[in-house]
Amino acid sequence: MNRKNDHPVIQLDEVSKAIIEQLQQDGRRSYAAIGKVVGLSEAAVRQRVQRLIDSGVMQIVAVTDPLELGFARQAMVGVKVTGPLEPVADKVAELAEVDYVVVTAGAYDLLVEVVCESDEHLLELLSCRIRTIEGVAATETFMYLRLRKQTYSWGVR
Amino acid sequence: MNRKNDHPVIQLDEVSKAIIEQLQQDGRRSYAAIGKVVGLSEAAVRQRVQRLIDSGVMQIVAVTDPLELGFARQAMVGVKVTGPLEPVADKVAELAEVDYVVVTAGAYDLLVEVVCESDEHLLELLSCRIRTIEGVAATETFMYLRLRKQTYSWGVR
Amino acid sequence: MNRKNDHPVIQLDEVSKAIIEQLQQDGRRSYAAIGKVVGLSEAAVRQRVQRLIDSGVMQIVAVTDPLELGFARQAMVGVKVTGPLEPVADKVAELAEVDYVVVTAGAYDLLVEVVCESDEHLLELLSCRIRTIEGVAATETFMYLRLRKQTYSWGVR
Amino acid sequence: MNRKNDHPVIQLDEVSKAIIEQLQQDGRRSYAAIGKVVGLSEAAVRQRVQRLIDSGVMQIVAVTDPLELGFARQAMVGVKVTGPLEPVADKVAELAEVDYVVVTAGAYDLLVEVVCESDEHLLELLSCRIRTIEGVAATETFMYLRLRKQTYSWGVR
Amino acid sequence: MNRKNDHPVIQLDEVSKAIIEQLQQDGRRSYAAIGKVVGLSEAAVRQRVQRLIDSGVMQIVAVTDPLELGFARQAMVGVKVTGPLEPVADKVAELAEVDYVVVTAGAYDLLVEVVCESDEHLLELLSCRIRTIEGVAATETFMYLRLRKQTYSWGVR
Amino acid sequence: MNRKNDHPVIQLDEVSKAIIEQLQQDGRRSYAAIGKVVGLSEAAVRQRVQRLIDSGVMQIVAVTDPLELGFARQAMVGVKVTGPLEPVADKVAELAEVDYVVVTAGAYDLLVEVVCESDEHLLELLSCRIRTIEGVAATETFMYLRLRKQTYSWGVR
Amino acid sequence: MNRKNDHPVIQLDEVSKAIIEQLQQDGRRSYAAIGKVVGLSEAAVRQRVQRLIDSGVMQIVAVTDPLELGFARQAMVGVKVTGPLEPVADKVAELAEVDYVVVTAGAYDLLVEVVCESDEHLLELLSCRIRTIEGVAATETFMYLRLRKQTYSWGVR
Amino acid sequence: MNRKNDHPVIQLDEVSKAIIEQLQQDGRRSYAAIGKVVGLSEAAVRQRVQRLIDSGVMQIVAVTDPLELGFARQAMVGVKVTGPLEPVADKVAELAEVDYVVVTAGAYDLLVEVVCESDEHLLELLSCRIRTIEGVAATETFMYLRLRKQTYSWGVR
């Protein structure tokens, strides 16, 4: 079976979807305000939200903008690995500048998104901290010229 | 000058960083609770949070997990484009299954993250809706085998 | 949901697995002989085999050896496609020399196994019948030097 | 000489071809039924079938469907090898999830078809059992999105 | 059958091989001198040589050295073709600077050896006469830095 | 200076070119017959031919056809090398099946033409004798499907 | 002949080399000062310098530093071209941000160095002005992370 | 912050730009002549030029033409590195034939321009001095066929 979890896939009803949409617009919208929109009491909204969080469907988090904080260089790094993939993925994931690591099938073994302050910072990260990890055979860096779309939610509408 | 914005890069003090960290753990933590941790009044925390949001440094949002919602196929699609890049990026960004589009320098012109329910869904998306966009010359798909790390914040600690 | 069929995945018991193994060794072994090995009556074996066939788990077929029949050139052809993938896959699948067509994610859009009598035959197939299909942008041919393993069954032992 | 076998290539007559076609439709069709179609006695059909099998032209086997048995991830793995090719091909061929290994000329040294239950299974196979074989320099995985055609016979019609 | 010719492959006896070796050293060596070495009369050598030439096994030709004649730039050009291969191969073969054209399986569709007087000459050939042929999609040029080995005979010793 | 030889490039007059053309047609044409065509005495032709050979402009040799001698598999092998190129080129050039070795600039370090009797022969050559040479990092094989043009002379007409 | 110019290659004597070295250090060093170092009169130095400039061996120019002038994004752009190369090279060379265009043999047809103010500038240049030139099939951009060496003179010491 | 220097980016006024343009035409033009064109005294021009040089905006240097000095082979070498990048860049930069070394993001880790006298010289440089540097995994050479544009100044007009 190709199911990845032990518990069943969650089927959201229309009310839960409406609640999630409200929170995608503003994660701190009050339960009372949400309740008015979706036609539930504040307590019922609070309970539903808690259940969505507990079941892992949704989390409510602060998301910061790297550019506003002076991190001007973003890039995707394709990594080719020699030997087992997971230990290398683990080592790469420990780096603070790395915000995304995925093991992929295809021309690269890992795709790694990095956020750096400058070209010097990126070069130091690549040269001294990623490429020196045992098992890293080669890297190819895709510098971001323009981030066109980034959303944090799927499967609701 | 290679600065990308008109307003200056924001330098966060230690208190603002501590507030962001609290909200990265739980986006709905009460201002009072945060105030106790960082040593500010509830009103001062509220004011600071509002300023961080207004300045674009941070947003607080619901983030849903595609796997829990039955979207079992994630992939990065490298797109090679003929002619201008931006119109193609715009068209790709309109697709609901696409949650990430970045224009890159390197072997691909666009990197596009897609979230699908199944192989059939992914094939239909690629074959009938991405590859038929005018200017798309070729696509190469990197199927995700395992998402190892994903964080939503940088530059604070 | 990422399930591909309407009916449920079949869980084989040990007896069914033993029957399949017998038929993998010799597809015409008599039900009586199989019954002796697996501890069932001839009728019970016949019934089980019919159910395995009807449910699509197994088929019993004649498999011919291309080399013995004078087809000396086998190759995998990686096909890069412009535009939609499925119409091209359909057209390629109609060719008699093609015994395998799969739509793939990665550097090629289709992988196509071909069986030919000679280099001339292969060249004619590639040049005049595959590369002239509308939507075929390029082909790369992997000539077989030695077929090391080929099995027709999975998931039983 | 570029002939690969000591015994001569077999030239099938029309009757043998008709028998093979019958068995490609149903590997357990009775010799009597086949005899009626092709105009031979049951004994003559039996004798011809035995000769086709003994000469290696044809075998009759049970073929199982990986998808029906819950093996939802199929992929072709291109393997690049350092040093001699055959020892690596041998080691890869020993793996149970591998149903096809061919040594090829071209950009990959081996093409390996694998059948797995899930992404996790595939990742474990690639990372811990294929990539750790001595001589494996790199792998590139072509995930199957849709199997369009698969036949088990050539050169008869 | 994968035989390419109607007449049978020729099996050379030791005397014919010895004659060919003599002529590989010097194509104008007298039949009498060859006869002494191989133990045949002049007439018998002449007859054997004529038969080797008539059957297509061997030709005796003047081979010129491009470098000595002022052709300082040699290169192999890999050509990628759109559509049928043979018409493009024919057009390329008509060019005087091209001394070798082979249709190949693999990353390039044609391999073309060219002999030019200078970089300007090579650029003009590529840009104005090869790349303008209908069906030529791309070329990649492998400039020769040093020709290490070139022999004109096989299979004799 | 980019001249490759100590002695000057040879400028052939029309008579020498005519002599070479005669010998390109038939390397054993008699000096008397050539003399009639080009308007020189037999002795003068003999002297000119000797000078062309001594200066390295031309040689007259037996050229055998691999296909006629049962060498049915020809291929160009692109070799990627680690470290110095020349020792690897030397080792490859020692192999009897190799009739051409050139050091190139570009995606491959060496281009090597090989002539083999069969796929098995080619596989053994690649796997056991080329890929085991120290410094050979990888090979990519371009199987010949059809040799379209091969000439042995340049720069005369 | 592979000579590229009509006039002969210039052989510099030791005095001319010493003069060039002085001017490589400081292009405005006075002829009197240079004369003292190389042992010539001011007039003789002036004459020699004029001859070196007139013959094309040397020029004395102001070279500006893009980084100091706010051009923070440098990149090499590999361009693949369809059809003739020179018209595309000409068009690319007209662009102000392009300071270097070379036609190359190999995986790219043109190598183009560009100097831009920002990622936005680079994206606009690539997308709207380079990729829209007729004959440009694809571009691959190599962003500069660090310029390690740049010299303006060869062949003297 | 993505600024690369401690001191601020320089904003040139129109007069400074005009001075630089004069010196781009002729690096030894007298300050008096420049002063007449830009409307300043000789002393003021001298002072401005000195400031432009001291601040690193501009240098005035002798630039020699490799072709005129007999360096007929120019090439860009793409270098792939194993492990840290900077030590390899440093070693490559020490070579006299190398006039340009840049660390890049993308398919190559370093781009290195080399200037050689001949193919032999280039081969020796690649084979014995670049490829033997520890950390150099592979090189790909792009031979220059024609240098179409080369300018030494940006950002002035």
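The chains carry the letters A, B, C, D, E, F, G and H, assigned in the order they are written, with residues numbered from 1 in each.
Note that in this section contacts are C-beta pairs under 8 Å (C-beta built on N, C-alpha and C of every residue); 3 or more make two chains touch, one makes a residue touch a chain.
In UniProt terms, the chains line up like this: A, B, C, D, E, F, G, H = Lrp/AsnC family transcriptional regulator.
This structure is a prediction, so every number in the text was calculated from the model and none was measured.
*Asks:* Answer with same or different: of all residue numbers used at the interface between subunit D and subunit E, are over half used by both copies?
*Replies:* Over half shared, hence same.
*Asks:* Quick check: how many Å separate the C-alpha centres of subunit E and subunit H?
*Replies:* Their C-alpha centroids are separated by 45 Å.
*Asks:* With centres defined as the mean C-alpha position, give me the subunit A-subunit E separation in Å.
*Replies:* 59
*Asks:* Can you check how far apart subunit C and subunit E are, centre to centre, with Cα atoms defining each centre and the answer in Å?
*Replies:* 41
*Asks:* Quick check: what residues of subunit G touch more than one other chain, meaning two or more?
*Replies:* In subunit G, residues 1-4, 9, 70, 72, 75, 86, 103, 105-107, 119-120, 122-123, 126, 137, 140-146 touch at least two other chains, as defined above.
*Asks:* What's the complete list of touching chain pairs for this entry?
*Replies:* Listed in label order, the chain pairs in contact are A-B, A-C, A-D, A-G, A-H, B-C, B-D, B-G, B-H, C-D, C-E, C-F, D-E, D-F, E-F, E-G, E-H, F-G, F-H, G-H.
*Asks:* Looking at the complex, which residues from subunit G come into contact with subunit B?
*Replies:* Going through subunit G, the ones touching subunit B are 70, 72-73, 75, 117-120, 122-123, 126-128, 131-132, 137-138, 140-143.
*Asks:* Please give the residue numbers of subunit G that touch subunit E in the complex, ascending.
*Replies:* Touch list, subunit G to subunit E: 1-4, 80-86, 103, 105-107, 137.
*Asks:* In the complex, go through subunit H and note every residue touching subunit B.
*Replies:* Per the stated touch rule, the residues are 1-3, 9, 105-107.
*Asks:* Tell me, which parts of subunit E touch subunit F in their complex?
*Replies:* For subunit E paired with subunit F, touching residues are 2, 4-5, 9-12, 20, 23-24, 26-28, 55-72, 74-76, 86, 89-90, 92-93, 96-108, 111, 115, 140-157.
*Asks:* Quick check on the complex: what are the subunit F residues that touch subunit C?
*Replies:* Its residues touching subunit C are 119-120, 122-123, 126, 141, 143-146.
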